[in-house]
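Read from first to last, the chains carry the letters A, B and C; within each, the first residue is number 1.
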């Protein structure tokens, strides 16, 4: 198994508040890895380091190393723009851009100067298919993305990310607030996608983690409590806290 | 004797009501007077022929051209400067002594009355820089005058764009400038345009700053160094020298109609585009 | 994935910084040049002789602008007396007594009123207000009274829109609490809402003052042109702004410098007013 992302001794604080207290974890290529834990455990902050969206927060003090394919991605010398082409993100709340469905998907590729219709079109179609949204929108690609339902918008966000042809996809509580059918569609899509992408799924929904992830990491208050194959974590967890969390004793 | 507060309440309501209607009445009266006194003299000939005999005869064509040139060129220069400043203040820095100083500069510029702009434009552009009374001097002066308005309204419009649209753009690998041009500015567009239209309206009606920089030549300006006359300046001269009441009213009508249509266009843009993709 | 040291983004930021600095540059230039032309005469003739001098005869060496300073303040107060109560009443009516539709209609109407050029106000003032004053009150018609009326109308949009904003930003809960205690609408307004909005309202008055004292074209047309301090509402007068505008075109040498000195005085007064107004607004925001 290849290590796609390696995180070493990662600490992050905002002033006196320590959010991440020394995280060490290896994320494997072409697997779905789940980051689970109650609110405030630092899981969303952790992935904001992988896509360097943490840059938009002021006053963050970071030590440690985050590397993708062996290359450290923290630090001023790294080009975040190139990084974000390799690491795509889907946020908790779907945020379509105020333009057509087609233009939403094409936004990323156009930034890479893929402007020709004959290049863009297959890319858009492919991305929508991979996100399991194609059938529902194929007749109305020019209509406003704002008219889609919540579940459709979220799949749009996924397709938008796929259009950039990333290597890694980060999803931060993507199904919170979505109905079960939309959730199922997204999970189905992720299952297919892991063949070609490395996926990290942040979720507070333990059942979802159990359903679709290959590896699971349990975070609590900024510390990684336990990490391993999902099946093991859920059937025979080594840590007491993990067991309590999975059983819903807190969270 | 204690007056019933309910009664006072009713009195007050009537009092305020009538004052509000009185104020609206003033506006209506002003527009009506201009309209009724001016429209008899407003015709195609008036618009398309230039003033003759100091304005006693002929129309206002050269002044319309003068106005259009002055305003368009000023907007052309002031818009990038103003929107750029607004972008800088909102997207490229966080609040600091530097931004506070710049804002102070902008607010101060906004407070300067037009006669002082005229005075400055006169000594700096006309005299010291040797431009003489010219379109160029007028444009530069008016540009500075309308800059604060454009900066203020642009900043408001840009700030109103939701933060998460920017986040999405960045996460899709856009640079800051790409995010500004592809996401922020299109969303803020209507607000910015409204600010520009308001500035246009102000520049069209401006007299004190224009007469001492662009001058009041009746010739049609054909180059930047030519002097010229705007409608507002022409109107002022007509009125003050008592040259022609009818022409004055007609000019006033054209002025007010222009400003009215500019305001209407501004509101139309504001309302139409916001409903399209909101 | 290494960054380039100097990229398009750096270039853009540099360009935008220079755009932002341009505002400071312009302000600087305006101050420098007006002061450069205006201060020498203070030096040569003496600050007291100019500011407190009573005689303005620049071609003969007299640069006293005291009557004009007084006149500027008189028309400003006159404008306030007419425009402030009326404007505040309209603002109150708009915020407390009118529904959404009316509010939506009135905002553009206000902007239209504000958009009418000052020369048009001046013109209508000469045609209608000046004769009115002459016939009903006496005097030449070109007077402090006529000027105050015109300026009062001209500052209405400023007073109304800023007071309106101040009144609207009073929290709904204040009103509800007052009504719950049995107060009538008017009692609520003058006991609760106005005190709450008072710094914004005050700011609107001060900004209105700033507008009035800087107004030129309308004043030239209706104020007459007398170089003496007006002793009654019906006397004509000349303000600082008219002084500059009436003589700049043909002034030269010391005469022109005198006009710039007038400009310096005007600049100082206006900057002070603006500063006070901004202070008042900031206090409201801090509350």
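By definition in this document, contacts are C-beta pairs under 8 Å (C-beta built on N, C-alpha and C of every residue); 3 or more make two chains touch, one makes a residue touch a chain.
Because the structure is a prediction, the values reported are computed rather than measured.
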Any chain in contact with subunit A as well as subunit C: B
Farthest-lying chain, centroid of Cα atoms versus that of subunit A: C
Core chain by centroid distance, with centroids computed from Cα atoms only: B
Distance from the mean Cα position of subunit C to that of subunit A, given in whole angstrom: 56
Inter-chain centre distance, subunit A versus subunit B - centres from mean C-alpha coordinates, in Å: 49
Where subunit B and subunit C are represented by their mean Cα positions, the distance between them in whole Å: 17
Multi-chain contact residues (two or more partners), subunit C: none
Per-residue overlap in subunit A, given as positions that touch at least 2 other chains: 82
Multi-chain contact residues (two or more partners), subunit B: 175
In the complex, subunit A residues that touch subunit B: 51, 53, 56, 58, 81-82, 84-85, 88-89, 91, 93, 95, 97-99, 107-108, 111-112, 144, 146, 157, 160-161, 164
Subunit A - residues contacting subunit C, complex: 71, 73, 76-79, 82-83, 86
In the complex, subunit C residues that touch subunit A: 1-4
Subunit A partner contacts - residues on subunit B that touch it in the complex: 94, 164-165, 167-175, 178, 182-183, 187, 277-278
Of all residues in subunit B, those that touch subunit C in their complex: 5-6, 8-9, 12-13, 15-17, 19-20, 22-24, 26-27, 30-31, 33-34, 80-81, 84-85, 87-89, 92, 101-102, 105-109, 111-120, 122-124, 128, 144, 147-148, 151, 175-177, 198, 201-202, 204-208, 211-212, 232, 235-236, 239-240, 248, 252, 255-256, 259-260, 262-263, 267
